[in-house]
Amino acid sequence: MFMRIDKLQANLPKPKKADPNAAAALQELLGGKFGEMSTLNNYMFQSFNFRNKSKVKPFYSLVSSITAEELGHVELVANGITMLANGPTPDEDHKGDISSAPFKDMTDIRSAASFLHAGGGALPVDSNGLPWNGTFVFSTGNLVLDLLHNFFLECGARMHKLRVYETLSDPTGREVCGYLLVRGSVHAHSYALALKKLTGVEMEKMLPTPNIDLSKIPESQKYLDEGSHRRLYTWGEETYRDMAAIWGGGEQALPGDPPGDLEVVSGHPDGAKIDELVGASAAFTTDYAPEEIFDIAAKLHAKM
Amino acid sequence: MFMRIDKLQANLPKPKKADPNAAAALQELLGGKFGEMSTLNNYMFQSFNFRNKSKVKPFYSLVSSITAEELGHVELVANGITMLANGPTPDEDHKGDISSAPFKDMTDIRSAASFLHAGGGALPVDSNGLPWNGTFVFSTGNLVLDLLHNFFLECGARMHKLRVYETLSDPTGREVCGYLLVRGSVHAHSYALALKKLTGVEMEKMLPTPNIDLSKIPESQKYLDEGSHRRLYTWGEETYRDMAAIWGGGEQALPGDPPGDLEVVSGHPDGAKIDELVGASAAFTTDYAPEEIFDIAAKLHAKM
Amino acid sequence: MFMRIDKLQANLPKPKKADPNAAAALQELLGGKFGEMSTLNNYMFQSFNFRNKSKVKPFYSLVSSITAEELGHVELVANGITMLANGPTPDEDHKGDISSAPFKDMTDIRSAASFLHAGGGALPVDSNGLPWNGTFVFSTGNLVLDLLHNFFLECGARMHKLRVYETLSDPTGREVCGYLLVRGSVHAHSYALALKKLTGVEMEKMLPTPNIDLSKIPESQKYLDEGSHRRLYTWGEETYRDMAAIWGGGEQALPGDPPGDLEVVSGHPDGAKIDELVGASAAFTTDYAPEEIFDIAAKLHAKM
Amino acid sequence: MFMRIDKLQANLPKPKKADPNAAAALQELLGGKFGEMSTLNNYMFQSFNFRNKSKVKPFYSLVSSITAEELGHVELVANGITMLANGPTPDEDHKGDISSAPFKDMTDIRSAASFLHAGGGALPVDSNGLPWNGTFVFSTGNLVLDLLHNFFLECGARMHKLRVYETLSDPTGREVCGYLLVRGSVHAHSYALALKKLTGVEMEKMLPTPNIDLSKIPESQKYLDEGSHRRLYTWGEETYRDMAAIWGGGEQALPGDPPGDLEVVSGHPDGAKIDELVGASAAFTTDYAPEEIFDIAAKLHAKM
Amino acid sequence: MFMRIDKLQANLPKPKKADPNAAAALQELLGGKFGEMSTLNNYMFQSFNFRNKSKVKPFYSLVSSITAEELGHVELVANGITMLANGPTPDEDHKGDISSAPFKDMTDIRSAASFLHAGGGALPVDSNGLPWNGTFVFSTGNLVLDLLHNFFLECGARMHKLRVYETLSDPTGREVCGYLLVRGSVHAHSYALALKKLTGVEMEKMLPTPNIDLSKIPESQKYLDEGSHRRLYTWGEETYRDMAAIWGGGEQALPGDPPGDLEVVSGHPDGAKIDELVGASAAFTTDYAPEEIFDIAAKLHAKM
Amino acid sequence: MFMRIDKLQANLPKPKKADPNAAAALQELLGGKFGEMSTLNNYMFQSFNFRNKSKVKPFYSLVSSITAEELGHVELVANGITMLANGPTPDEDHKGDISSAPFKDMTDIRSAASFLHAGGGALPVDSNGLPWNGTFVFSTGNLVLDLLHNFFLECGARMHKLRVYETLSDPTGREVCGYLLVRGSVHAHSYALALKKLTGVEMEKMLPTPNIDLSKIPESQKYLDEGSHRRLYTWGEETYRDMAAIWGGGEQALPGDPPGDLEVVSGHPDGAKIDELVGASAAFTTDYAPEEIFDIAAKLHAKM
């Protein structure tokens, strides 16, 4: 079972302008083969399919707890996309005249379907608008092989995060990347250590791949300063603490990052307020004439 | 953000025998167009894309909290699939000789790929092995339209659950269906009420669709007896309690179900122990010679 | 069986200029999940799969006759796309030199494949170039559920038509939208009434969804003035007249539209001349040197 | 525009038993790459995209009229599928107890999804359950190339029809194949002649491909006896008669078929009654308790 | 079995500038339905599936040897794409600051995923970024039908090559098209002759389709001058020489091309040097800090 | 460029009986995500996209030469599939009566489409009939990351080969697996060594994954005895010999395999005769009445 907290894992700055093509680029990190939908579903299905979990409990705990974190990553990227696609909160809801082609610009953005389907919301598709699909999930039940996959997946995801980051100039999307680069590195590192425990191969010496330190990413620094790169969370399930047998026991931060012991932390990061996405009546979000709906909702609330 | 609890939403009885074709049928409820991956991702993306959430808070809370429950539904179906595909826990791990075609039977099951990819684990694919994909997600940002979609989705999902149920004779899969039919009915009902509040149309009078009462499903009875059909949960986020403006306020259980007030419950159901899936060395799960891995894991655990 | 009439359901004004990106946007209404290929094939397959049609004949007649109309909608959107992609009829066929990159601009349009495959013709793909596929068809055989789907589909299609309309400034595409918004509203209304007859739920009170009246769409007015919003056609099969049991019997136009009785009309609308698409030799349509072909065809015709 | 006639192009004998796997094989001829959805949509889109139609009118008429016929082919195969999947009309509606796994057998059929989605109805998918998709449509606007494609498509479709035929023992599916083999041969022949007129190449000498005469197919004989192999129909649009410039003018039946002049016939074949598909309450078609629906429909009809 | 020669089939001029959209257009000829991945895999699978090859040996030799050539076509287009996407070889590797959005322009190119996945490399996708897939392969085992398919495929591929050519102004991509138009014409011609031998139908009289002579393509002239249009190669397997029974025996070049006998040539064309693609550290190709890797590789080489 | 040799990499024993479901299982190793189409295309595209090849030449040589070998693997699996699907060479061509449902059994095989499309030939699809697609190719241009992918891909492929092997009882398919397990292990080993040279991480210590020695596979023994597990081939391109800097230099066979030095061998393995697939007239392969075709071909050959 899963619980929900109405907070975002990181605080995203407001975008400076609407930039649907930048939002589309960020979609790669959501619905691309190496996006968060992939990391989420790989670990989620592996955790459901886990064999002999009592006998290899720390490994089960690792995959299971990271699954919970990935849900928040999907949420974070989705929020970044909606913010970039919609731009700064408007002073007022420009209803205007829908017959004057108010969204003419949308024919020239890279993924017109994003506007036509979602009105600027996030969808499980990649940067070209191709839908995420279930063939992106790998779950054989062989522990070493599944962990090797996860290690590779995180390195591949790191590459995609870096390249998306390099295309974005707006602070919202860059912050998404800066945060995810830190947390993705933690996951790559943790799978490397898991493989090392099982096979003796020092996979962590291959990190970071690609070989660029996070010190080169300004948006990652505050997370490094906090020590985020040394932490795994239990996400509410104390029984997952035993993943410290992998992530702990004297294992250290990667050489290029601020030094220190790796540690398992109970609970979850504090998180930040989720930005409120204001609707656009002309795009029928919440609706063309939302006042009535707002009024109904207010009355419903008052009656409670 | 999401938290995780290492429990299943319902207690699943052990299967009587391995039945990969029955497991494949159950895959429809996991990765089919009307499976739990679809309900999960529809509500999850809608909750991320929600507009004006402060102005229509009870509706946001409804969609957001149900998202959390759907994660557990995905988990429940996945567990049902792995149990059915693998059958009763074997007395011992029959290693045998991999050169004697020990899995010859797998060429004749309906989805050979399920064995070849996942060794009998669950995957995000449907009953024919087609992968779930992102076109199954609908999220326009228009509140009435998105809720109408959700109402339709739950009715369509109910149809698929009923038909899958009718194909299964083993208690494991039937229990999955029995539980999900109750909870899916709650979700259909809640979206009906949400639409009624917004539009005045008494959608709940169309329920149940298909028009068969849950009293006809023996496996649903204990959940009805507990009152599960009258409850929505906050799944850990108290701010979602205000969905009681929709699910509450004197609204009643559907006529065919045990009577009573609808109510929002803090937290989550107690849940049940997750079945431990025993590996099969011959299928390389956990691995061909897992003893070494078990030994490593035991030592790691001991050192903590 | 189906018959064909060499006319278009509505008269489309000539485009002012070629606008391949606007044509691509219009593709959403042809090959998108909520495009006319979807409405057509849903109703077509439902009509083929209909159960107990003699016992529920008016419902069968409704779905079957609308199928015939949808064929004309596919035709209408396809014509709009080819007109927008090709622009005004050229004064002469500019053959020019194919070695001077005469279609250089095509590398920068949103869907280069549309030019490369179809030379500016319409294809069963969406606004991002993704192909229409059979998972978009829903046909369970459960009457209430299939009708509920159809009602939802038409509301979703209305949203997509509105958003596409808002992106188009050229009269051709806008006329396509203006006409289809009227006819799509009829279909939504008819499925609402069908559901009301079967379940007692006043679904039509949810219309229009999104909640914007057609009076806001200038291109829709002439169709409303004609009373198109109050009419269903038999499309040549008189046995379908009994759908008047649903669309008739005193049922009225929706409140926001011009008032009047709903009525079933024998036959079909008058229709309009189909625009003749002139080929472009440089794009090999009809061919690079079409004169010979024209000559052959003229002689063949003369010999008849 | 298209009109509809509530008849089937050929009379299908009742099936002797329900045979879902045979129905699945027949799906190849509906939603496979060389199925009727492909022939229909190729000619339909080509007719919409046709260039310079006034200058090459007989060719336009040919493609346009065949489009109308293909709609009826889709209908014919769909009916064959539903009949085979459902079997003979039952004496009574066995409601029985849905909790006793009444559809247990459905887990072992080749396409369980066909039952789970469509309750034994036809869907736009192939014999393996893969959805038909828009990449199967070829429409370049180059007349010779599009006709060459159509000639190839019909030859490929003939191969698939022959192979499906060879797998079927029940008369229903065999009759579908027998009829379509005759009509598909007409279409192949007509595209051959169209190419010959344009290029001088005697394509019809390549027919039949595969090189087996229809005289070998017992189910085709009555259609040959009627002269169906020598006829193209106008399908209600007299302006299409000028395709006689291609199909006519002394052109003869293929050598292996009964001899005679090719001719264009106004209108359409007489057609046959469409089989009424009886619902199965246990499969929720029309619904679990359809009597109420039947009663409502009867009263609606009576009031007219 | 296949062997490899580290050369390209044709010499490609250096591009004048990076042009990712032109590279995307060229992708149509690689991963599109009528691209080189399709010609390659169609002939490859047909050659693997060939029936009675000893009895129809020249036809087997034809398909088998062309398969080998198509591998080089895939290579040629891939090289053209990488060259166009990356532009002229830079004077130095601009490492710069990855935090300054060095690839901001990539959000506005047509296929952002091409950069994000491949850093400007070629991928098996089409001009819209849709992946090539196995449904593009046709291999029935019927000799006439498979050859007819191949003839059609080459004509369709010729259309796509011509249209892509017309969109390109840079010499690199144009050279790719100029070369492939010559060789593709050879393949179309050879399948035409194969069909003629088997059926007596003079298919080659339909060539060229589209009906434009290669004399109109400046980039094709040097290959025509060499006589490339009259040659098929054995690609290293002398047993394939017997395809001269089809491509030879007095058969002549097409009328629009330089005249002469068709001939089978042992071996392969001389080929040209493959352009060395220089990495971009900022795009992590070969890596962010590749010097270390270069150093390792140099030392490894030295030790040999 | 690539050359072709008309031989198979290994000698396949004749099948004992036709077993279409076993053939379908073997399709997983051809068109599945971890099948030979994937290994081939991954290495092929990586070799085309290679950066700075002169600076990292041994790595380029490794990937490029293995590409050539993979072509032969695709060929080997394809041959295994056709042999299993068609069974032993029949004594005579049973033409019989196609109207007596001669292929009735094909409705019950797992992938009816395999028969309907390919008449028992191999296709680029997986064990469930899903088409191979281009998203299975990974080629970022980052050397370490691409090699890591390749290492993971080979380990994943090994798992799939092992599981397919365990389902097959017929010698043909088992031999395919036995051979590929040896060669795939070589490739995994070589990528491990490449990574070790670049990063210092001893990846080869993770081999074999899954952790079962080839000594357990009887069909692999003769290849081990020959030393195949210690050899990489240049496949005709001597410039690739420098991959000995990776595969050589004293590196040894894996501990579980027969000991010895790793070595680069010029050329290619001897290979074996390709089985001649006899057609089935009733399935229209080569055709329904192939004698005429055989006669034509014989005469053509005689005239040379």
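By written order: A, B, C, D, E and F. Residues from 1 in each chain.
Convention: a residue touches a chain if its C-beta (ideal position, glycine included) is under 8 Å from a C-beta of that chain, and two chains touch if they have at least 3 such contacts.
These numbers come from a predicted model, not from an experiment.
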item	value
Any chain in contact with chain B as well as chain C	A, D
Copy pair chain B, chain D: interface residue numbering same or different (half cut)	different
Equivalent-chain rotation between chain F and chain B, CA atoms, steps of 5 degrees	120
Inter-chain centre distance, chain A versus chain E - centres from mean C-alpha coordinates, in Å	39
Rounded Å distance, chain D centre to chain E centre (Cα mean)	38
Length of the line joining the C-alpha centres of chain A and chain D, rounded to whole Å	48
Residues of chain C engaged with two or more neighbouring chains	33, 110, 117, 119, 128, 130-131, 135, 138, 140, 142, 144-145, 159, 210-211, 283-284, 287
All touching chain pairs, where touch follows the definition stated at the start	A-B, A-C, A-E, A-F, B-C, B-D, B-F, C-D, C-E, D-E, D-F, E-F
List of chain E residues in touch with chain F within their complex	1-9, 31, 37, 41, 44-45, 48-59, 64-65, 67-68, 71-72, 74-75, 78-79, 82, 117-125, 131-135, 137-145, 197-198, 235-237, 239-240, 242, 244-246, 248-249, 268-269, 271, 276-280, 283-287, 290, 293-294, 296-298, 300-301, 303-304
In the complex with chain E, residue positions of chain D that touch it	33, 135-136, 138, 140, 142, 144-145, 148-149, 152, 155-156, 159, 195, 199-203, 205-206, 209-211
Touching residues on chain A, where the partner in the complex is chain C	97-99, 101-108, 110-113, 115-117, 119, 128-131, 282-284, 287-289
Of all residues in chain F, those that touch chain B in their complex	19, 21-22, 24-25, 28, 32-33, 110, 126-128, 130, 159-160, 162-169, 210-212, 216-219
